[in-house]
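The next part holds the structures, each set out as structure tokens.
One chain, subunit A, links the two complexes that follow: it is found with subunit B in the first and with subunit C in the second.
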Partner chain A sequence: MKNTKFILPALLLVAALVPLLTGNQLRLATELMTYVVLALSWNLIGGFTGYATFGNVAFFGIGAYTAAMFATKGLPLVSGVLAGSVLAGLFAVLVGLPVLRLKGHYFSIATLGVAEAIRSLVPNLNFLGGPNGLTVNTTFPDEGWYLVTLILAIGAVILVTYVRRGKIGFALRSIRDDETGAQSMGINVTYYKVLAFTLSAVLAGVVGGVYSGFLAFIDAPTVFQGEVTVTMLVMALLGGTDTIFGPVIGAIVLKIIMEYLWTNFQNLHGLFLGVVIILIVLFIPKGILPSISALWRNLKKNAGLPKRGVGHA
Partner chain B sequence: MVYLQDLINGILHGGIYALGALSFALIWGVMNIINLAHGSFIMLGAYTTLLLFKYLHVDPFISIPIVFVIFFILGYFIQKGVLNRMLKASMLMTLLITFGIDYVLTNGARLIFTADTQGITTSYSGYSFALGNFIRLPLVKFSALLVAILLAFLLNLFMNRTKLGHQITATSQDHEAAQLYGVNLKTIYAIVFGIGIGLAGVAGAMYGTMFPFNPSIGSGLTIKTFIVIVLGGLGNMYGALFGGLLLGIVEAIASHFNAGYADVVSFIIFVLVLIIRPRGIAGKESAA
Partner chain C sequence: MLTLENIDMGYGDTKILWDVSLNVKKGEIVALIGSNGAGKTTLMYTVSGLYAPWKGRIRWEGNDITKTRAHERIHYGLALVPQGRRLFPSMTVEQNLHMGALHRKFKQQDLAKELNHVYDLFPRLQEREKQLAGKLSGGEQQMLAIGRALMANPKMLLIDEMSLGLAPVLVDNIIISLKEIAKEGITVFLVEQDVEIALEISQRAYVLEHGKIALEGSSAWLYDHPQVKEAYLGM
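And now, the complex of A and B:
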């Protein structure tokens, strides 16, 4: 993993671009950074651990609603964001303990069920603003939101790198490859699965809280919509789930594609997104990053041994 | 008496869920594909029936075989062209590609039919039989339940009494052994997906006569279909019927108190059943 050295400075370089960005670009960049964090958070549980969750938007929404509640009560948004991430983490422990016992499709659909249940419950709860949602009054400038999400993105990369390279990452990979085997080797699989799920939830909760301030208005259809889960999932898969930076690259590429489709073919944008998903699965199922490194290795190998044909991967 | 009416409505709605779940379970059981686009095929079935009714004046119940054939062909070629390329892919990739198909169907339908809610209103739509003094049995919903039961029966007959049915069963039990005995795996898969999507289309035709619909109903229906399978257990036809009726009744009773809670209650029951008894309430102990 040599690319670590390049990507952190690259992210810092992105930060230096702030003064060059205009209003709309700045908001797009903020959304992009939000999705970088979400894609990284999905990859912790879905990629590293192999538990493909279809419900991570629940944590994002919990973070957003908690922060917005704090703001409407006149408390500083920072405290709300912190409380939201803690609440998202606690909820992950509570849900994770039973749900992480399920495998494969059952886990995916159970998480989807939990997220959908919350989405349909929240508009019925009056203390959360009911169907009208919540308004967050802030005077924070767009530049500020961008920098905050950028810092969160860098923080998420550092966290994921730490997890991936340490003992936790080793445990998670062994669970993904052979859970029974990992258990018989003495790895506390329940502990590590719940830990990965909780870390994922905390990351999603933090950006959810920040996003509520950034949007200034939230309601259940916005912050609990299933499309958020799907977007982060597709981003992680597109970039490559078995890598640290795959989700970052996937987020950037998919966000650019989505933005292009949105501005040029507003009506066709959803249709094209579906086609993009199908094409990714059919043609680059391992993700961009592993495909590029495989190509790179191939090129290097073939440069050394020029007489052998190209393409014997 | 009000509760009894809810119970009857629940049973009648349950028939549609059962039909959707039956076709979903067929695809899942034979190919281990969770078809996240299933609800959107049901949605398209409703629109196809609407078009046939509006422009060619075909009665929704007469259009059932037409819809089945159209959707069988659609499913057959989706399996041949796309899903058969993914036979060795991971579970997540298969989930994702059906999700991509769902996206294409939902957004395509939104482009063609607009996002407006529509319905199929026939001359007999409002008719209902009186049972006693308080209870009413709506004709359309009752007929839809009968269609669902009839199709479940026919599917059972097809699987147990025909050579093709036996080949499908053999493939679902052990696809390598089935291949050794001369079964063409990819063709069988295409036929199974065709039958599954054909039945989903018919479920849509029935749905369209019972409820208003729009292009976005697909994902909700997919989840409900999955819930029905979880409740009933995978691997037998009666499980789907049982799960469908159960979900219909639970929803009808929950929405009696507050319409907004109907979904929440069914999701909670679903997650609880998954956790406590992953094989389903009626599922066999060895089925997983």
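And now, the complex of A and C:
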């Protein structure tokens, strides 16, 4: 895509807006950046590779819990975040090797099962705080959390761009298009699938670790919530899964819609959100970004042609 | 060059291939013919490594490759043109061709040279270079599938059901290209339901019936064989 060079300055512009944001807005912006990373992470495996995971929240939660554990032991949160992302990546290799043999719905259900199992297991483990969760004491200001998540979002965009445009990206696309064809063309499909799953997990793990510091308190129902997976998945689909920036745009649009509905229709916001998702799927099934690109191409094509009706006055 | 020794293969409880042995020598065009459900594609998938045989051995240039995984066999020079083409529909024609060479290490100019070589064989593909593979006609897709396999720089092409769903004119064009490919020294092993086409291209052929090799011999001899005539050529 040619618009890469506009997106990074745009993100930097967003960073410059920090002093203008206040309290609640700043926290919303931090959550938005967190979801930008999660949507990009989901797209690596669910979009590029075509393996729709319903369990990516597991990696987010592992990142969050590892970081929080480090913090409660008095270790710096940074080390916890790093450890959390490594652990999430290792877990992805371990789970991915058997589970990525499954295809289509079977893969989705298996990943859902893994995530739900962890969510049920964690509150029963006393060393992880049991049902009470974990508290992270930090004095980091809200502006700081926002900038950290913004930097992570930029980093995620760079990583995804690198993956997409290189050899890995083509290998992943070939797997999505036709896995048998990819195999017969010499693509080690197991390697590339596990690689995509692991990269996805590492991204979700990093942002999970940061999120635990931002929230200052985590428990299993919060960071292993199935809704988190659904949200990142819808964001990626909304923006366009066959693109680099689709998930970023999807995250921004969906977050704005969600916040608007939440503040205006507190009781019915879930209903309206459902309707919005159905409308999106019906009218822009390929996602926002590919639809805009198609529209733009059509406009350009038509601009080069003589206007209709000329000479027929 | 390629030797199959006593291959048994099947799915679940159902045995498809029964003690199949065959060989393909360097520079030959060899066909495997047989009706629907005879086990032709199963045999092709076994040779290309997508399925592992139950019993028996596959030898390639003297080495045992029975346990070599599918994506590694292409490094040995064994490239499959699968049934149904199995292209990458979201990629352009050019990108599909590049995919055939993705596993190899080489210089940019060599890639361009090989790409042009494929375009010389199939000028139609060059015309469609920037189009999505999913938007091509059946014949163009088959050309692309063969071109993609050629980009792997193979010693042997395994072609599964090339003629399926194609108009006779297109099949004739592809046959001409295949003969050119063979002239360049690439060995061709093809599996074909259309017996007339198969026997026209090949020098030697095997007849697979219910998973067993029923007949083998030169294509000219098989063409006049009463059993083949009656069962496959309708004469």
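By definition in this document, the second predicted complex is superposed on the first by the 305 of 313 C-alpha atoms of A that agree within 3 Å, B and C clash if a C-alpha of one lies under 4 Å from a C-alpha of the other, contacts with A are read in each partner's own complex, and residues count from 1 in each chain.
Convention: contacts are C-beta pairs under 8 Å (C-beta built on N, C-alpha and C of every residue); 3 or more make two chains touch, one makes a residue touch a chain.
This structure is a prediction, so every number in the text was calculated from the model and none was measured.
Judged by the touch definition given at the top, the superposed model places A:114 against subunit B, while subunit C stays out of reach. By the touch criterion stated above, A:170 is placed in contact with subunit C alone, subunit B being left untouched. Looking at the shared chain after the overlay, A:297 reaches neither subunit B nor subunit C.
Once the two complexes are laid over each other on the shared chain, residue contacts for A:234 go to subunit B alone; subunit C is not touched. The larger set of touched subunit A residues comes from B, when the choice is between subunit B and subunit C. By the touch criterion stated above, A:188 is placed in contact with subunit C alone, subunit B being left untouched.
Shared-chain residue A:101: touches subunit B; no touch with subunit C.
Look at A:242: by the touch rule set out above, it reaches subunit C but stays clear of subunit B. Residues common to the contacts of subunit A with subunit B and with subunit C across the two structures: none.
Considering their complex, residues 46, 52, 54, 98-99, 101-102, 104-106, 108-110, 112-114, 116-117, 120-121, 123-124, 226, 230, 233-234, 237, 267-271, 273-278, 280-282, 285 of subunit A touch subunit B. Listing the residues of subunit B that touch subunit A in their complex gives 34, 82, 85-86, 89-93, 95-97, 99-108, 110-111, 219, 223, 226-227, 230, 258, 260-261, 263-264, 267-268, 270-271, 274-275, 278. Interface residues of subunit C, counted against subunit A in their complex, comprise 48, 50, 69-72, 74-75, 79-80, 82, 85-91, 95, 98-100, 102-104, 148-149, 152.
Every residue of subunit A that touches subunit C in the complex is listed here, in rising order: 167, 170-171, 173-174, 176-178, 180-189, 242.
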